Amino acid sequence: MTSPSPLSGVVPPLLTPLTADGDIDIPSLERLIGHLLEGGVDGIFALGSSGEVAFWDDARRAAVLEAVTGTVAGQVPVIAGVIDMQTDRVVQHIRAAERFDLAGYVATAPFYAITGPEEIDTHFRAVAAATERPIWAYDLPVCVHVKLSAAALLRLGSDGVITGVKDSSGDDVGFRRLAAGNRAAGSPLTLLTGHEVVVDGAYLAGADGSVPGLGNVDPAGYVRMHEAARAGDWERVRREQDRIAQLFEIVFQPTDKVGPAAGVGAFKTALREMGIFSTNTMARPMSPLEGDAVDRIRGILEQTGMLGGSGPDADGA
Amino acid sequence: MTSPSPLSGVVPPLLTPLTADGDIDIPSLERLIGHLLEGGVDGIFALGSSGEVAFWDDARRAAVLEAVTGTVAGQVPVIAGVIDMQTDRVVQHIRAAERFDLAGYVATAPFYAITGPEEIDTHFRAVAAATERPIWAYDLPVCVHVKLSAAALLRLGSDGVITGVKDSSGDDVGFRRLAAGNRAAGSPLTLLTGHEVVVDGAYLAGADGSVPGLGNVDPAGYVRMHEAARAGDWERVRREQDRIAQLFEIVFQPTDKVGPAAGVGAFKTALREMGIFSTNTMARPMSPLEGDAVDRIRGILEQTGMLGGSGPDADGA
Amino acid sequence: MTSPSPLSGVVPPLLTPLTADGDIDIPSLERLIGHLLEGGVDGIFALGSSGEVAFWDDARRAAVLEAVTGTVAGQVPVIAGVIDMQTDRVVQHIRAAERFDLAGYVATAPFYAITGPEEIDTHFRAVAAATERPIWAYDLPVCVHVKLSAAALLRLGSDGVITGVKDSSGDDVGFRRLAAGNRAAGSPLTLLTGHEVVVDGAYLAGADGSVPGLGNVDPAGYVRMHEAARAGDWERVRREQDRIAQLFEIVFQPTDKVGPAAGVGAFKTALREMGIFSTNTMARPMSPLEGDAVDRIRGILEQTGMLGGSGPDADGA
Amino acid sequence: MTSPSPLSGVVPPLLTPLTADGDIDIPSLERLIGHLLEGGVDGIFALGSSGEVAFWDDARRAAVLEAVTGTVAGQVPVIAGVIDMQTDRVVQHIRAAERFDLAGYVATAPFYAITGPEEIDTHFRAVAAATERPIWAYDLPVCVHVKLSAAALLRLGSDGVITGVKDSSGDDVGFRRLAAGNRAAGSPLTLLTGHEVVVDGAYLAGADGSVPGLGNVDPAGYVRMHEAARAGDWERVRREQDRIAQLFEIVFQPTDKVGPAAGVGAFKTALREMGIFSTNTMARPMSPLEGDAVDRIRGILEQTGMLGGSGPDADGA
């Protein structure tokens, strides 16, 4: 929590609202960013998995960055995902993004092709060499199908190649080992967790902040949890996390979809029900949630106080 | 932490010390149990994975239970693993154990044969019907190759089939959902975590205690962490957990072994270096740790204050 | 096909028919064995996965071997599974089986506990040292969760520890490498494939025979395929295999079950529909197939000529 | 073998030779294509996994297609991989390739983002709608992390969305079910196998041809095997396959690399040793094979008669 990191705290991976025709829905995007800033977030992560980056071509990626950086207008730092299957394409995404006001980039290891430790190390070094801006390594085995080892990340951090890690590995033992190793090495890395419902444990282990997809829906809750963690008020951390975990149940309501069609679909649907999004349209080839799942999501929003009024608080304030 | 559970707190899965010939080493077992009781543990789990139950035949299992219950002599509750590949054998292990002073049994889902939710539910109900004593469900996908769902566990708990869960699933999101569901259902289940280095997060999520293999080596550390969690002293919880995590690095020192040959092998080696075990002999077909790994384990024990004196304390007390 | 192996050809893994109360159904077992011998099988594998060995205790295993060896009465060799989670138990199953007329034993690597190459090698050597009879290594990663490497198997074969391999690994590339390595080593191993619908390719690769669960239903088809392969009549091999593959669709009809509850359940249901079994009762905790799945299985049996008359033939003879 | 398919037989996934600086090595490419045509291949698959497509940006992909189609000059059909993580990008690769003389495109399901059956179906339909040329579905779970079901592929085939499947799934049971379903549906699909060492079994199951990476090294061997299969000379098929399997051992020689760095690295090294490639340079971030692995690869080439003379023949002709 004492890391002099360039980016810590709550950094939601920004959703990309779409019109019914599949275009970027600028008014909804402005409302979403307003919702996040009002909630007190410390930064915004554009073009992450929750932003459906895996479904955007180059033109759409540029349009998203233009809209987001224009709307945020420097009020908080914006970092951008440069997710692609190999080194050259990642570098090209960086080139295309250099004209925007960004605080850095988030890159994964190569995917599709199987690579080993040597190739992954070379990859991150080549990516970092392509820009003056900082690089976060994104550890997301469920998509990339490789786990970044603590030793590899710490070496990249100590060498100044990466500035931080977004950990969405689901490996809490690995995260604690990474955090301990990071402290022992003088904290070269900022550590952000991507797991919505166990952020409290990650804070105890040494996380500097969180990148929760659910933070699009309830940014203020995550901000309160972060502040409580910084203040050492762990009972409050736990209460906020428990309430947020209850809200997170929205992602389990779709029973006929998997992956982002279910999870991001639930976030988009919630934001539509909350009046922030105009539609819950998804990137093709995904279709939006409909029917009972929408009803159940609305029910959970009501139970957790997310509909109407100024929003919930774990203390009922 | 407020659960009226029959067993909470620190319940180490007892190692089984062996002589060089592979027999149960009674003097070492007595020293180990003394070490645990002195450390303040709340119970003992005999014949768990750390106890090498997967390598014992029926006669050896009975001998272990006789030695353990005789030595513990009612000072703390003892629960026993009744691990086997199918229902009838699990029931037979229960029959054989009924003559010992045990507080209950720990059973997994069937393994080797692939089973589905229906069979797993039937299995646990048949196991529970075979005894008056309580049953804990052991969720250990790395060995059983199935994840017990929160919904299934809560149904078994609400129906009085199981009294608790030992969670070694490595799925911290799933554990929080289980803990939340358990509270919502009136806490029919006691929840124990088996993950040595993220017990702090599990306490925040709602664990009632822990079953740490490393608790054989440092029972007092886990007991201090548990007491701090009950007292709401989360900074101390975290400090103890961080220190314990440093000690846990012993299991990563063997580079030519996997599974219990590495992990239990490291625990046994540590206890030998600490003067509690006479040997670090493993159940066949495993061989004991030798060479550099032993030296590195000894080095970690020294760094973490586990050799000599009255043991370490995260506050240096 | 030229291996001087003690057992080659078609060796079905014998199902265990049960009465409605779950006892061994001796008349059905006698009809099943008669069906297999009439079909011309070269041997019988009792207490394999298809025999539901994973659900039997020691008494039931002995009863099965007594009934099977008594009924077969030396007409073909019988080999027996000695499947259990660790070395000592496997040896005990061998001890218990030595009084029966058996041509050898089939053992897996240890399971539940994770083991590495060293432990697996030690395990098979200890198992083989316990008996004069030959040992087959059973490579079944879907249950044992480890793949036996060709190098390890060939070393065990060259050292006289194992006499053959039952390959149910689903790794056809690995099987070819094993077959090539076996030939290069002077064919110390007999190689049997356990994959019902790709036996033809396994014969081309170098299999000496097959251990097909579906062979309980259609032994004559597998025997015709084996004879055609020995005669080099590959068009006939292919036609038989295609017809058998059509019959194998029965295992995909249950939509609410997994594992043996589906696959062995389909075999048992087929044999009941064919008048060979009295029930399709499964070992607990499994329940028998009912409803639409049974109707669809009956439909497939009709389409493939398995109901009525003297059975099908790929040439319509 | 009787399919009226637009492309059957041997269709190697063309390697991309590079200069030491990482540029496309045109003279080596011309020699490779000459080697393949001389070997009698039926078509060429450019920009597949063996072509390192996963490491090429758009400009490099276009340069490869230009060089390949220019060199092949219509002598055999060329199909091109349009591999990318999502629908829009796949369509863009098709747009960029429309100016080249291509017989069709090879596309995978989306990857990185998890998708389900609905999204995969929509994806292939959108890809096919973008071109008049035929589409092959590429089933490669080791890279795409989803298995395309036979039912889904047959539906896409019957609807005219795809013309064929390149199966690199490693699931020989699934392949047989696909082949049987395809015949039952009137053979809407051409089925090509991508597994180098079990092509013989795939032919028996119903494959129309093969797409073997090793076919870059030994095209004539695969062509002889295909011709023997068409002639029903299965003993010769088997002999060729066994010889080719021996050659395939080159991919297991690198012990410090995984994925294409090992496999494609071995192919490139073999072609350099054979005098066809000038270097064994790999796409970044991969490094070329060096040291003992190269020596062992050379040894295997010598043993299998691939160095010097007019090449090997399973009959010694």
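Here the chain labels run A, B, C and D in written order, and each chain numbers its own residues starting at 1.
Just so we're on the same page, a contact is a pair of C-beta atoms (placed from the backbone, for glycine too) under 8 Å apart; a residue touches a chain by one contact, two chains touch by 3 or more.
On a predicted model such as this, the values are computed, not experimentally measured, just so you know.
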Notebook entry, point to check: Which integer distance in Å separates the CA centroid of chain B from that of chain D?
Noted result: 50
Next item on the list: Compute the distance, rounded to whole Å, between the mean C-alpha positions of chain A and chain B.
Entry: 35
Note to self: Could you pull out the residues of chain C that touch at least 2 other chains?
What the structure shows: none
Note to self: Edges wherever two chains touch, nodes for the chains themselves; is that graph a line, a ring, a star, complete, or other here?
What the structure shows: ring
Next item on the list: For this structure, give each pair of chains that are touching.
Entry: A-B, A-D, B-C, C-D
Check: In their shared complex, at which residues does chain B touch chain A?
Finding: 170-173, 176-177, 180, 195, 197-198, 200-202, 204-205, 232, 234-235, 237-238, 241-242, 245-246
Next item on the list: Spell out the residues on chain B that touch chain C in their complex, using ranges where they run on.
Entry: 49, 52, 54-57, 60, 83-89, 92, 110-116, 118-120, 122-123, 126, 142-145, 256-261, 283-287
